[in-house]
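Please find the structures below.
Look for subunit A in each of the two complexes below; its partner is subunit B in the first and subunit C in the second.
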Partner chain A sequence: MHLLPSGKTRDNLWTLITPPTVWAWHFLLSYITAAYACAPNDAIFEAIPGPRLLVAVLTVVALAIIAWCGVRAWREWQSEYVAPPFNEASPAHRERFLEFSTLLLAGLSFVGVVFVAMPALFVVDCR
Partner chain B sequence: MNGAAGAWPVDYQKAANADWPIAPSDPRQEDPEYRKVQEERLERVWATPKGWRYWSDVNNTTIGVWYTAASFGFMLFAGVLGLMIRAQLAVPDNDFLSATFYNQVYTLHGTVMMFLFAVPIFEAVAIILLPQMLGARDLPFPRLSAFGFWCFIIGGVFVAGSIFFDSAPTGGWFMYPPLTTQERFTPGYGPDVWLLGLSFIEVASIAAAVELIVGTLKCRPPGMRINLMPLYAWYVLVVATMILFAFPPLIAGDILFELERLFGWPFFDPERGGDPVLWQHLFWIFGHPEVYIVFLPAIALIAMIVPTFARRPILGYSWIVLAAVGTGFLSFGLWAHHMYTTGLPAMSLGFFSAASEAVAIPTGVQIFVFLATLLTGRVTYQVPMLFVLGSLGVFVFGGITGVMVAIAPFDWQAHDSYFVVAHLHYVLVGGMVFPLVAGVYYFWPVVGQKRLSDKLGRIAFWLMFVGFNLAFAPMHWSGLMGMPRRVWTYPAGLGLEWPNLISSGGGFVFAAGFLVVVFDVLRPKGHVPVAERNTWNAGTLEWLAETEDKNWGVRSIPIVTTRYPLWEQPRFMEDVDKGRFYLPDAEENLRETLVTSVLDAKPIQCLRVPGPSWMPFWAAVFLGAVFILAVFHLWMATIVAMGLALVAIIVWLWRGTSFVPEKKEKDVGRGLSLPLYMSGPQSVSWWAMFITMTGDATAFLSLVFGYYFFFTIHQDFPPPGMENAPGQLWPMLSLALFASAWGLAVAANRLNRAGRVPLARLAMGGGGVLSLLAAAALLWAPYATGLDPVVHVYPAIVWTLAIWTAVHAAVGTIMLFYCLARSLAGKLTPEYDIDICNVALYWHFMGGTALVTIGTISLFPLVA
Partner chain C sequence: MRSVGAGEGRRAHRCEGAFARGVPILAFLAFAGCVRGPQSTFAGAGTEASSVEGLFWWMLWGGVAIWIVVLGVGVYASRPRPAAHDEIVGKRMILWGGVVFPTVTLAILLGFGLALMPPFRGPAEGQAIAVSGERFWWRVAYDVEPGQTGVARGLPPGGIESANEIVLPLGVRTEILLGSPDVIHSFWVPAIAGKVDAIPGRVNRIVLEPTKTGVFNGVCAEFCGDAHAQMAFRVVVVTPEEYAAEVARQASPAVLTGTRGEELFLANGCGACHSVRGTEAQGRVGPDLTHVGSRRTIAAGILDNTPENIAQFVRATGHVKQGVEMPAYPMLDDDELTAIADWLGALQ
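Entry: the complex of A and B
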């Protein structure tokens, strides 16, 4: 990550897509965890607490990273506050636009991770 | 009139907060005679070839128009097939079509609509509009666009034409094995036509994706920072990236599928360890994102149309970016919702169900942004707006049934019924066809210089809107009554007569509406007045298009400081027209456009883009021949065609890429001098290589996914008797050789740049030879350990990974030898080194591929 002298992040397209990328990894790893635990699908009534716990851990980690991205974006946006729609031709507006959009994507990704974690909360076996 | 030298009304240095110097424009630009000379030169440089050479053109406007016309042609063809389906189903126990022919008809209807219309039309429209919206003269790789078009038309005609020989595929547009892999169920060439024809078209899609991503990131006008980009460009960026990750899994699936059909390798045959569900995974990892690949570009048209007719900037620009990017990501977590009935564990179903519900959030955000923009604007209801409103209504209806079928227990009831047919048509027609027709009415003046008829547009809209709902709403009922999809006919007395008859009637009304649009587009418009410039009074750059069609794109490449320059930048059009911005001339008689930086669009290079050429055409013809001849098992001819395709591509690259320019820098106007040649990460071709290889790596990882998928479903993998194959000795030797070749490729690049040319040449030659040896050792490993790919899926997938890697090694060798030849020919020097930079980048991917392949086939069995 590229830091500015002020200690703030120089936002770019990679920082913008970090929260949804975390969502994607959480999704993929949760899916692999369940698929691996339940394949070959022989003992379908056997509880799988281990894999469920692993999904829970993945969820906490994913939510923490996404929240950190969101909080960082929020702080940096607020500290040099510009109101949307960020439509001026200046580095400041570009930066605020990327921060605000990152914040929105962090929100969506956070909700997305919570959604995806739910099945591991309620489903106990491989049926 | 601003005549005085240096009297510049807008201080662009300040307005753009530019960190490059912006001088006043050249006072000579104010002299009409001076401009006339420039214009004649530009016109000559960008002229479309005449006569039969017309077909060698590569300019984005020409290619885009061919591409669009071809996609619409395929759409009409598939529409006729749709009407044949409705005619067959209009009454019970109908025998208008025979059952097998009906299977061909609905398979091609779905296949052509999705692969030859919905995705290509995005590429087609984007190839026309994107450079216009970015004020670019052309996209960075015009010949690649032409190549993509020719691949598309050849593959498309082959697939669609098969029905006239009674050989069209019959297995449904998703080709599920074992129905389609085994001759006893589907005899003939149908599935091969589907697999090889469409694999070929996927090449075109990926080519377009590369072109559009690089175009959006690197060819924006100076000053158009990332927060000022037109929303259409945001969607193009997202969708092209999605293509890059969505299409390769299907290509991987196609490879496995064809290996099974042609050579009996049992990937999807459970009797020999395979699993048909793997195909479903690979197909839908492509297939679900594809729905959004189709939907987002159409929504992107709405995002351009709504502000124009609401007479205000879009409300919630960042929210649209959220929606586009968010949908792009979430859409990759939905694929198994097409597989709820395959017996996946409930927890897995839950993950996909959750993600399918979550994707409704960003999708809904876009709709609300449009509604908010309309509510806060002063809307004028013209034809494009009618189609936009119709689209929103129909799409929301389909979206809501989508939320219903995303819930697994509901889907178990509705799966494979007409309810799903109704849902998908509401989503696709509402989310794609209506916005597209809105786009046709809206953007027609950019292409055709005249407006389409308001009256015919309204007639078309109401016929289409009413006809569509009549055709597809009753399918919700027939589906819930239990009518299965793809069924050839149905008996009387089940209550299905009325819904089906109404559907059929509605289908024909809908088609009549579409024909009105076609008529409006094609009818002679001699008496229709030429539309005034920027006829809808829009705010974005594509409306700079002049009333008299000009091939040069824009008269001069503007400095952009707002989201809607035509509304918000004073005297903008005049400044563009008078050549007061960049590149108002083509002094060297070469086609040029600007390359800018990714975030801030700071100009960094003046890019020479190539003009007309037949090589893309020939490369596509020969590559097409490879795929088509393989369908008919004409192996010798296939190999000859492969050789010709390779020659065509090398000739194309040799003669048409990385020119050494006659001078280092060029004055592009307003006191700015830019380099004409850049290599490494600064070069657009380096980006193209990076993006292409990302897609290639995705296909490779899909094959690797296949290996681990088979590992999870088997108790013993490798199966008994094959534990020690392919062993470690030969794979490790291969890995060592690959590592050396990789090292030499990287060294060749460094040595060349350091001016140590003889050593660099030695590294190129040596790396090429080592790469071939590495490939040989890798192929020897499974051969020497007696792995027979026909007996079980384990040897089959090991061979597949080894062959994939060996083929890439051969390509790596060709690349290194190509660089060696370029160096000897003086076209690759320490200063002008695009070729070897890009080849070194290829080799990073190659090295990674070798590492993963050998780690998987040789080392993983030791720890598993």
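Entry: the complex of A and C
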């Protein structure tokens, strides 16, 4: 991560896509966890507390990273506030645009991760 | 351009007639017919279908309410108050109406659906019924051991064979084990429950809990080849006592043997593919015909079961059902076909 003289992050495409990427990894790992626990799917009424706990841990970690990205983007956007749309061809507007977009993506990814985790909350076995 | 004008002219003309007033009524009746039909999720003939229906109505009226509010806001913002609106109010509306409301609503719907699912997939009662989706019909076996699901598996062997018609006991959670020897099919009885795929090399399960007696339609809900759309079946819901009697009847050998029809059936090689228990016909390729006469339909739910239809099907299988995996027998003369069809029709 590149820092600006002010100590703030120099935003780029990577900081922008971090929240959805975390969402994607959370989805993949949760899916693999459930698939692995339930293959070959013959004891379908046997509870799987271990894998569900693992999904819970993955969820907490994913939500923490996404929330951190969102809070950082929010702070940096607010501290040198520019209202959207960020139309000027200037470094400042570029930064604000990326921060604002990151914030929106973080919100979406947060909800996405919660929805992905919900089945593990409601379904206790492999049925 | 011209055709649009002509169309409008026709429409205008039609709207003057009494016919136009009849159209909505007819449409409503057609809809009501679908709603009550034997192939409708609205038939309310099973616990799962009923809760899907409940969800549908909630979502429908919820959708209608949202639609009215959105249009109302649109009208308000353009007609009574077309001037510029307060920016803060606008932003709040986006935040609450566009972010918080949909997120919370979707979370509630998801939670509601997730809470419904485990009980429907819960343990079943009694023996299971094995159902194999085969291009383009359904092999049925009553009284197999329940719970044998999983991957790298086949359906449990044995059971009492039948085809294209499944009898179910009323009010009992009956487990259907699903498999396939060829391609992926999907087992769906809309009036009773949701659908589950029948996948080669694995055994899936669905539990049907019928709440109404009667005859309902089932279909294949996953494209599986030429005759996919003609791969249907019937589900007959009866009382548990009648169910036990029905399974016992299916287990018995053919009720009528030693006829000319049977002779012709065997002489023409039908027995290579079909079983008629109690005769020499022991084929396993096509549907078991031991009690074919007692089924409501033939050719997987597409023709009424009459001797004429059996004869017509055997004479020109591919004509009746394109892509069917049974050869046609155009070389049989009417007299022979009638004898075979009459015999099969008598196998109650």
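The rule is simple: the second predicted complex is superposed on the first by the 127 of 127 C-alpha atoms of A that agree within 3 Å, B and C clash if a C-alpha of one lies under 4 Å from a C-alpha of the other, contacts with A are read in each partner's own complex, and residues count from 1 in each chain.
In the analysis below, contacts are C-beta pairs under 8 Å (C-beta built on N, C-alpha and C of every residue); 3 or more make two chains touch, one makes a residue touch a chain.
Not measured: the values here are computed from a predicted model.
Residue contacts after overlaying the shared chain place A:12 against subunit B, while subunit C stays out of touching range.
Of the two partner chains, both subunit B and subunit C are touched by A:111. In the superposition on chain A, A:62 makes contact with neither subunit B nor subunit C. With both structures placed on the common chain, the touch criterion links A:24 to subunit B but leaves subunit C unconnected. After overlaying the two complexes on the shared chain, residue contacts for A:101 are found with subunit B alone; subunit C is out of touch. Among subunit B and subunit C, the chain that touches a larger number of residues in subunit A is B.
In the superposed model, A:45 makes contact with subunit C only, not with subunit B. Of the two partner chains, subunit B is the only one that A:93 touches; subunit C does not reach it.
Touched by subunit B in one complex and by subunit C in the other are residues 39-41, 44, 111, 115, 118-119, 122-123, 127 of subunit A.
Remark: subunit A residues 39-42, 44-45, 107, 111, 114-115, 118-119, 121-125, 127 touch subunit C in the complex. Those residues of subunit C that touch subunit A in the complex are listed here as 99, 103, 106-107, 110-111, 114-115, 117-118, 121-123, 147-153, 205.
Against subunit A, the residues of subunit B that register as touching in their complex are 15-17, 223, 225-228, 313, 315-319, 321-322, 325-326, 328-330, 332-333, 343, 345-351, 353-355, 357-358, 361-362, 560-563, 598-600, 712-715. Residues of subunit A touching subunit B in their complex: 12-13, 16-17, 20-21, 23-24, 27, 30-31, 34-36, 38-41, 44, 84-87, 89-91, 93-94, 97-98, 100-101, 104-105, 108-109, 111-112, 115-116, 118-120, 122-123, 126-127.
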